[in-house]
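In structure tokens below, several structures.
In the two complexes below, chain A is the common chain; its partner is chain B in one and chain C in the other.
Now for the complex of A and B:
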């Protein structure tokens, strides 16, 4: 009984860390215009819309975060193998991983922008100086919380995988959660505030992203401020739930039927979530208007 | 059917880069064998240099392959290279001194099979697909072997599976504390996978230039070598790890500074805290 209570406590702590990680990850990627919103930021100068938005395309978020977290975990593992205190080891590992992230961000911005010289998009050095450091700060929060969570899973829950491998797996999961949950909020709403809500992006509007703010010109910090309100926390809840439910079912049901109990509970959870998702989708379509023409609606 | 949308204009032809990358990479990985001959671990950093040569070659192979309109496939090409190269590299480490050569041959076979499947069974019909996937698998295997040799001091399986654990001042061999047992290879996999795709992914566009992309590839290689050198502190002797760290820091600073100079050369304008320029018609 005591071990189960301990396990649930660790599970809750890991879920809380994952929630912070998800929120920081989404805000970081939105400030850097990483993931799918990147294509519009990249396209805008080609359509004649020169902008002052940070364009950091390192890779998709899942592989990029797979690297940052695996790197933080790998260096932390190496320092722990050298008998350094785990907390110090994790902080040092995450610090070095954040440095790598920052360097990749600057080279991605310089490379993409220099390759768009034909369309007159200038390189803004002040963007590099002011925005890279903000993404690095958010990345540090995301990397530190996720590596700490992996260390808890490994050291407290006794997961058989070594820390770097757990870091790789949960890093990819973190990037995927932030990419799937948070990006639409930035890419479809924030970049296209001038379009009608829910209208999608017609070809004529491609690249016509919002470039001017209430006062002056919009920059990526404005985008981070905006998405930190809803998109970030939504990503955090998504990743937190993934981690919490995954560990919860393992801690509680692994002793049942030699491990098969956890697998069966996992399948049941997937089915329950599929039903919930379908319900929300149908409800949203009914409430916020069908995407069909009025004539079709009348005939059906 | 795919249409080739970008042409490599000017610069070095791909064949030269391929031969140069292959030769330098193999020679550098073999230079780590000096560790065995001299009984030290001080020559481990050559493994990292071999990996960097492979990464530079790999970035150009991705450019070569992705010029057939596979724009969104750039990051996945890096993962593909390392996924196929990993099998060849791990298998080859059993063959002692012949390991790098065995890795190249085996990776080429795996790459050829994958290329055949992609082109003929999945019907992609991209002219350079088979050649590129063969190259990518070899590059993946050489990069992993280079970094593994740098972090353990040798490219043999025994050194990658046995680490040292110190308990109460007593040093004991342990699988858990080794490159494979600690899964540090997973970190190396991602380090190489991102480093190999980043140069072309970052530099693609109408004003792509070869020298800028290759400089970025070298920068990514040295940047990946820095954390690899830090992680190697747990596996090789401290002087050997420090030599790797110094070599990587110096190389990274040199390539990063040069990359910024090249970006400044190619950029439309280099502005500091200036507004959006007014263009005609907008």
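Now for the complex of A and C:
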């Protein structure tokens, strides 16, 4: 009984850490402009729209976070093997991984922005100075929480994979969940804030991103402030649910019926999410209504 | 012409010569494994090939819209094909590896369900953001009616876009893709783990329990590597974005099955001969 309570406690803690990680990851990627919407940041100067948005999407979020979290976990693992206290080892490992992220952000911004020189896009040194450290701070939160979560899974729940391998797996999953959930909000709602609400961005408007703020020119810190209101927390909920439910069904139900208990619970959870998703889809169709009158050919 | 309006350069058909060359390479590799390794190693290689095919096939189900989806210009999830599939499949591998002691069938199914659950949650959150964050209903750009629910799609596409969000068929496709990916990754892991558990104690002259962490680490690393190889191959086959099983691009999967089988065989023989010779 005690082991089950302990397992549920660790599961809850891991889920909470994953929620913070997801929120920090999405906010970091929006401030650094690393997700798919960055295609518009790269495109804008080519269409004649010079801007002050950060630009570091050399790699997608999943491989980038796979690298940083595997690095943080690997260094922490090495420190732990040297008999250093796990908390200190994780902090040191994540700190070093964050510096790698800072190097990545700096070289990516300089390289990508310099490639736009022929379109008249300047490299803003003040942007480099003010934004890089903010992305590093958010990256540290995301890396630290994910590495700590992996350490709990390995040391307290007894997963067979070593810490660096868990870091790689959950780093890629974190980037995948964060970019899937957070990217549309950053791309459509923030970069194209001037477009109509409740409709996709017309393809003809590509590149015409919002470049001015309430006072002066908009920068990536403004974007982080905005997406931290919904895109970030939603990404956190997404990654937190993934980690929590995966661990919960394993810790509680794997001993039932030689492993089949966890499978049945997993199937039930998939069906529950499918029903909720369908409900939301139908609700949106009824509430927002069609954009045009239905075509007879289409409905027949 | 916009990127999403462009016609894909690659056709949907299967090139007979390439397919034959691929099958011959596959037979040669299996023959080489039979000559060089034990029967356990041969069975492991066949398992790795089946796992690779499951991953490659599964990636075709995953609805990925890339950059246009991030602007609500095209349906799907706003990230890369290979990376999203890897995220789901590796989450499945995590669960499958945990259940490895329960036997092959339970572990592979657990891995599949883990991948499916990851995609179920992710696809649900994508629609949540579209509906409640952006006020946009889901609409497919490739079909007039959702093949599962029968909902009509064209009138829910906003002006100047190819569609947006995840219609239910795409949601189901994402979950199926996650299940195949998770199951395939776990199968590769368990097959390689069996070979390493058998060969490594003799190689190092140590007890089985002493080399178990090395065997698990090696099998896990190779499973992730082979997973990424197959996911990227499938992404090349898809060329850009795909809406799910109802997308015309889905019909390209036979090409990928041959490519995945050959690539997994090449990776698998390296991973196995590392210890089996």
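Everything below uses one rule, namely that the second predicted complex is superposed on the first by the 290 of 300 C-alpha atoms of A that agree within 3 Å, B and C clash if a C-alpha of one lies under 4 Å from a C-alpha of the other, contacts with A are read in each partner's own complex, and residues count from 1 in each chain.
Rule of thumb we're sticking to: a contact is a pair of C-beta atoms (placed from the backbone, for glycine too) under 8 Å apart; a residue touches a chain by one contact, two chains touch by 3 or more.
This is a predicted model, so every value here is computed, not measured.
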Classify the contacts of A:50 with the two partner chains as first (chain B alone), second (chain C alone), both, or neither. first
If you tally the residues of chain A touched by each partner, is the higher count for chain B or for chain C? C
So, A:78: does it touch chain B (first), chain C (second), both, or neither? first
Touched partner set for A:250, first chain B, second chain C, both or neither: second
Touch test for A:168: chain B only (first), chain C only (second), both, or neither? both
Between chain B (first) and chain C (second), which does A:97 come into contact with in this model arrangement: first, second, both, or neither? first
Give one of first, second, both or neither to describe whether A:8 is in contact with chain B, with chain C, with both, or with none. neither
With the two structures laid over each other on chain A, which partner does A:123 touch: chain B (first), chain C (second), both, or neither? first
Touching partner for A:110 - first (chain B), second (chain C), both, neither: first
With the two complexes superposed on chain A, say which partner A:61 touches: chain B (first), chain C (second), both, or neither. second
Quick check on the output: what are the common chain A residues between the chain B footprint and the chain C footprint? 60, 63, 161-162, 165, 168
Residue numbers on chain A that touch chain C, as the complex places them: 35-37, 39-40, 60-63, 159-162, 165-166, 168-170, 172-173, 175-177, 179-189, 191-192, 197-206, 230-231, 234-235, 237-238, 241-242, 245-246, 249-250, 254, 258-260, 262-263, 266-267, 269-270, 273-274, 276-278, 280-281, 283-285, 288, 290-295, 297-299
Where on chain A is chain B touching in the complex? 48-52, 57-60, 63-64, 66-67, 70-71, 73-75, 77-79, 81-83, 96-97, 100, 103-104, 107-108, 110-126, 161-165, 167-168, 211, 216-217
The answer for chain C against chain A in the complex is residues 2, 4-5, 66-73, 77-80, 83-84, 86-88, 90-91, 93-95, 97-100, 102-103, 106-107, 109-110, 113-114, 116-118, 120-138, 144-145, 149, 151-168, 171-172, 175, 213, 216-217, 220-221, 224
Which part of chain B faces chain A closely enough to touch in the complex? 75, 78-79, 163, 165-166, 176-177, 181-184, 186-187, 189-191, 193-194, 197-199, 201-208, 212-213, 216, 219-220, 223, 226-227, 230-235, 256, 259-260, 262-264, 266-277, 279, 281-282
